[in-house]
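Below are two complexes that have subunit A in common, paired first with subunit B and then with subunit C.
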Partner chain A sequence: MKKTVKKEALIALIENLMKDHEVVSPVETAGKGVFYRKIDKAKDVYLGPAFAVEPVKKFFLHPSEWICGCNKEEGTASPCPVPADDKKRVIFGVRPCEARGLVLLDKIFAPDDPAGYQDTSYIDNRSRSVIVGLACSVPDRTCFCVSLDGSPVETRGMDAVLFDMGDNFIVEILTEKGKSILGSLPGTIDAGSEKALEAAKEKTKKLVVKTVKAPDSLDASFKSDYWKKVSLSCLSCGVCTYLCPTCHCFDLVEEERKKLRCYDGCAFPDFTLETSGENPRPTKKERYRQRVFHKFDYFKKNFGENLCVGCGRCIRFCPVKIDISEVAAGAPIK
Partner chain B sequence: MTGQMNTSNSNIYLPRETEITAIRQETSDIKTFVLKFKDAAYGDAFTYRPGQFVEFSVFGEGEATFCISNSPTRKTIECSAKKMGMVTQAMHELNVGDTVGLRGPYGNGFPVEDLKGKHLLFVSGGIGLAPLRSLINYCLDNRDDYLDITIVNGARTSKDLVYRDEYKVWEKAPGTKVHLTVDCREEDWVCMVGVVPKALEEIKPTCNGSVAIVCGPPIMIRFTIPVLEKMGFCPESIITTLEMKMKCGLGKCGRCNIGNHYICKDGPVFNYAKLKELHYEL
Partner chain C sequence: MIEEIRQKAKELLAASKVDMVIGYRRSGDGVSTVPAFIDSAQDVDSLVWDQNCVYNLANYLREFPGKKIGVVAKGCDARAIVVLLQENQLERENLFIIGVECGVTDISEKCAACPRTVSAICDILIKEKGRKSGAPGNEKDAYAAVEALEARRAEERLGLWREEFSRCIRCYACRQVCPMCYCPKCVADQTMPAWFSKATSLEGNFAWNVTRAFHLAGRCVDCGECERACPVGIPLRDLNKKLEKEAKELYKYEAGSSVEAKPLFASYDKDDPKDFIK
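And then the complex of A and B:
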């Protein structure tokens, strides 16, 4: 169901939503760029073309969150679950690549296989959230979603989506959850706007110029010195993993009998360092190769898809300008 | 999955409170902890396969990964820990009666069904005997299902041998041989001298209808597998249980993979043919 909605009407709806929902949206911060924030003023909502620095992932897997608590009653301090935050949440402005990242994370943290381990914290965060996406209109030069079976105007993982048509948004409601939030917006769509929307979508897709032809399997390149060459300049800073919408590796840390889950990443030397001093991934070659293989080989073997949505963050923010799309495409597989 | 006790609505990272009912000093730096779940009903329902492992919490210090070194056919859950890092040092300070956390069991465990009707060659070094002990005792408790059992166990010195009380019991079991070896000659030592691969070459175990189950420090595995292959063991008949740094035990935290397989979820038990396929470097 689509309708044309005035931008002011959407802001008024958000103002109203905040009464009984947590509302999250991209927000412009002075000099630092755009970040997702929990907002308390609807006018702070930023639905412009600039991308958020951090992906929406952090509202489902927080950089550092209590995953187990500790029951201090009776002095026993026994471990206990952390009470789930069940406040309904609406997240606006989620880009197609990030929403698709959530669909991929679901495979790890909310597996379809009933025998798989279900991560209740992640699942609670997913089920209390309504994702209102924002289709891209001005892709970045580092974006490469189209060549990874994605699109800047796709809707996988969204409950509703907004298309910026200048003075208005075209709102498309995709799920019951989306309807519960945006169903009350007044408006219809006329044939002219439908046509304009389709034309705009096609135009945007063509603006994604970067392509990555990742091979079906990187297997044959595993032992190649290529991985040493491409990782030489890596600083092991880990920004690529923190800002990736699909990277999900974590550490569990015990503090005061409670358990903290924190982001961790394959870029760090101590990620796999064992107490004995053995490290199965001792150099940047093995560590960077792990990242590329996880994205373009291992995950594909396990789930049939790449663990990369082509958002371009790891390219934009890499301090030494390593480009994963070029690295994957250039792997010597013959 | 056998022994998986997590229901869909429970927190998979939450340890269960467990009491230490006994502690055995195995060597100067290895202790075995005998454990009992505080929730008796949970403890009664807790099942596992030899070779599966648990995440052991010392509250306030952290978690570490240990195989269950006892057989599921025996009554108690046991974990053996060498004093090495933050958690194991804290473990060595614990006393009988203290409460710790346990979650699991995780991993695939040994293929006890596939091993039926085979001769079994156990090859272990140091604390590597821990997961094999679980399987050895399991096989001895189901003795008719398995053919000859040969155990080759080594340690740096005789003082570093673990589970010493059990060697005599194993020797007395029908169709079971135990070979002990230490790296260097010692006074009063009457068993073999030399590292495990060298001892294997002397013992010359049969490879026909045999499966070798190997666990020990990486360097021991590295030198043992070629010896086994030379003796005629095919890669499919060499089984090992791997160790890597683990945090979640659930195939989510991302650090213990070899290729597209997670040691915690798809392992820790692999045969050598599979490891070769996964580019595992010994």
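And then the complex of A and C:
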């Protein structure tokens, strides 16, 4: 169901939603970029073309999350429940690549098979959230979603989506959850606007010019010196993994009787460092190879898809501009 | 200029004077550059030189112990090499420093306030042709941001840094991009004891960023890489500049200016100012 909605009407709806929902949206921070924030003023909502630095992932897999703990009592160690956050939440402005990232994360943390590992915290975060996407209108030159089975105007993983048509948004409601939030917006759509929307979608798709030709399997390259060569410039920081909409490796740390699940990244030297001192991935070569294999090989073997949505963040923000699309495409597989 | 860089690199590699030349090459987007690790004279033509050559290549030098390395070094890279030599992290005889004078017309954002464009140490200096006198930035501008911060009340400053550090995602790009951050086990990675929280909490973020700044006092050469690499835009350079200013005013010490100088923290003089000890 689609309707043409005035931008002011959407802001008024958000204002109203904040009464009984947590509302999250991209917010522009002067000189720093765009960041997702819990908002308390509807006018802070940023639905312009700039991409958020951090993907929406952090609202589902928290950068550091309290997963269990125990009370401090003399001579005892009684388990202490983790406070649950079950407030209904609406997240605006989620881009197609980020929403698709959630669909991929679902396969790990909330698989369809009930016998599979079900991550309670992730599932709670998913079920209390309504995702109102925002189709892209100005892809970045580092975006390459189209060649990874994605599109700047697709809607997988969203409950509703907004298309920016200048003065108005065209709102498309995709699920019951989406309807519960945006169903009350007045408006219809005429044939002319439908046509304009289709034309705009086609135009935007063509603006994604970067491509990646990742091989079906990287197996044959595993032992190649290629990985040493391409990882020489890697600085071993966490930018690519932390800002990736699909990277989900974590580490467990204990602090003040709490066990925390914190983001980890394969680029860090102590990633997979074992207590014995042994590290099966001792150099940048093995660690960088791990990232590329996880994205373009291992996940595909397990789930039939690449674990990369082509959002371009790891390229945009890499301090030394390593380009994973070039690296994956150039892997020697013969 | 690039022809001279390529020529020198070719000469060094062909004569086996170095095993590798570290410089810059063009990235796939046709605009940016990426660090280049060239080990054959045939590949020197991929080297490039322009305003996108912003990285501090001194950061890579410690990764090739025992190897002879040629390195393309801007003023800031060379200052970092000086500090690494002072701290016994590199062997001078294993380095061939191709100094490059930077910043004639089009300079990158991070270089705007840099008063020093010529390598403090080099084996050959490649100069920019048609260069007008003077550096792109000047000393007065260099401390403008720090002075503006100093003029604010302590509570205001705390509020400001609270705001900035609240965005920190603890990706440690600032650490990894820094030639001076080479501790075998960074304080942030230690677990027994864990000196500060691993969580992205405001207190953990404060502890991390402030600890790092202090560890760079008298060592930071102001290459600006930490601030450039920070994905969330924390003005880390202001912290480092403040400590640089203190070192300069109190001890007349400038990091990266002389290999022979004793590192600031390794020297003591009975006449050192003491008024900051309360």
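Just so we're on the same page, the second predicted complex is superposed on the first by the 324 of 334 C-alpha atoms of A that agree within 3 Å, B and C clash if a C-alpha of one lies under 4 Å from a C-alpha of the other, contacts with A are read in each partner's own complex, and residues count from 1 in each chain.
FYI, a residue touches a chain if its C-beta (ideal position, glycine included) is under 8 Å from a C-beta of that chain, and two chains touch if they have at least 3 such contacts.
These numbers were taken from a predicted model, which means no experiment stands behind them.
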{"item": "Fit-or-clash call for subunit B and subunit C when the two complexes are aligned on subunit A", "value": "fit"}
{"item": "Subunit B versus subunit C as contact partner of A:248, first or second or both or neither", "value": "first"}
{"item": "Touched partner set for A:142, first subunit B, second subunit C, both or neither", "value": "second"}
{"item": "Which superposed partner A:321 touches (first subunit B, second subunit C, both, neither)", "value": "second"}
{"item": "Touching partner for A:51 - first (subunit B), second (subunit C), both, neither", "value": "neither"}
{"item": "Touching partner for A:35 - first (subunit B), second (subunit C), both, neither", "value": "second"}
{"item": "First (subunit B), second (subunit C), both or neither touched by A:236", "value": "second"}
{"item": "Touched partner set for A:64, first subunit B, second subunit C, both or neither", "value": "second"}
{"item": "Apex subunit A: angle to the C-alpha centres of subunit B and subunit C, given in degrees as a multiple of 10", "value": "90"}
{"item": "Greater subunit A contact set [subunit C / subunit B]", "value": "B"}
{"item": "Subunit B versus subunit C - smallest C-alpha distance in the overlay, whole Å", "value": "6"}
{"item": "Doubly contacted residues of subunit A, that is, touched by subunit B and again by subunit C", "value": "251, 253, 255"}
{"item": "In the complex, subunit C residues that touch subunit A", "value": "27-29, 32-35, 37, 55, 59-60, 167, 169-173, 175-177, 189, 191, 194, 197-201, 225, 228-229, 231-233"}
{"item": "In the complex, subunit A residues that touch subunit C", "value": "29, 31-33, 35, 53-54, 63-64, 141-142, 229, 232-233, 235-239, 242-243, 251, 253, 255, 260, 262-263, 265, 268, 270, 317, 319-323, 325-326"}
{"item": "Of all residues in subunit A, those that touch subunit B in their complex", "value": "67-68, 70, 77-82, 108-109, 114-115, 117-121, 222-223, 248-257, 259, 261, 264, 266, 271-276, 278, 280, 290, 293-294, 297-299, 301-302"}
{"item": "Subunit B to subunit A touching residues, read off their complex", "value": "1, 4, 6, 8-15, 17, 57, 59-63, 84-85, 88, 99, 101, 217-218, 243-245, 247-248, 250-257, 259-260, 279"}
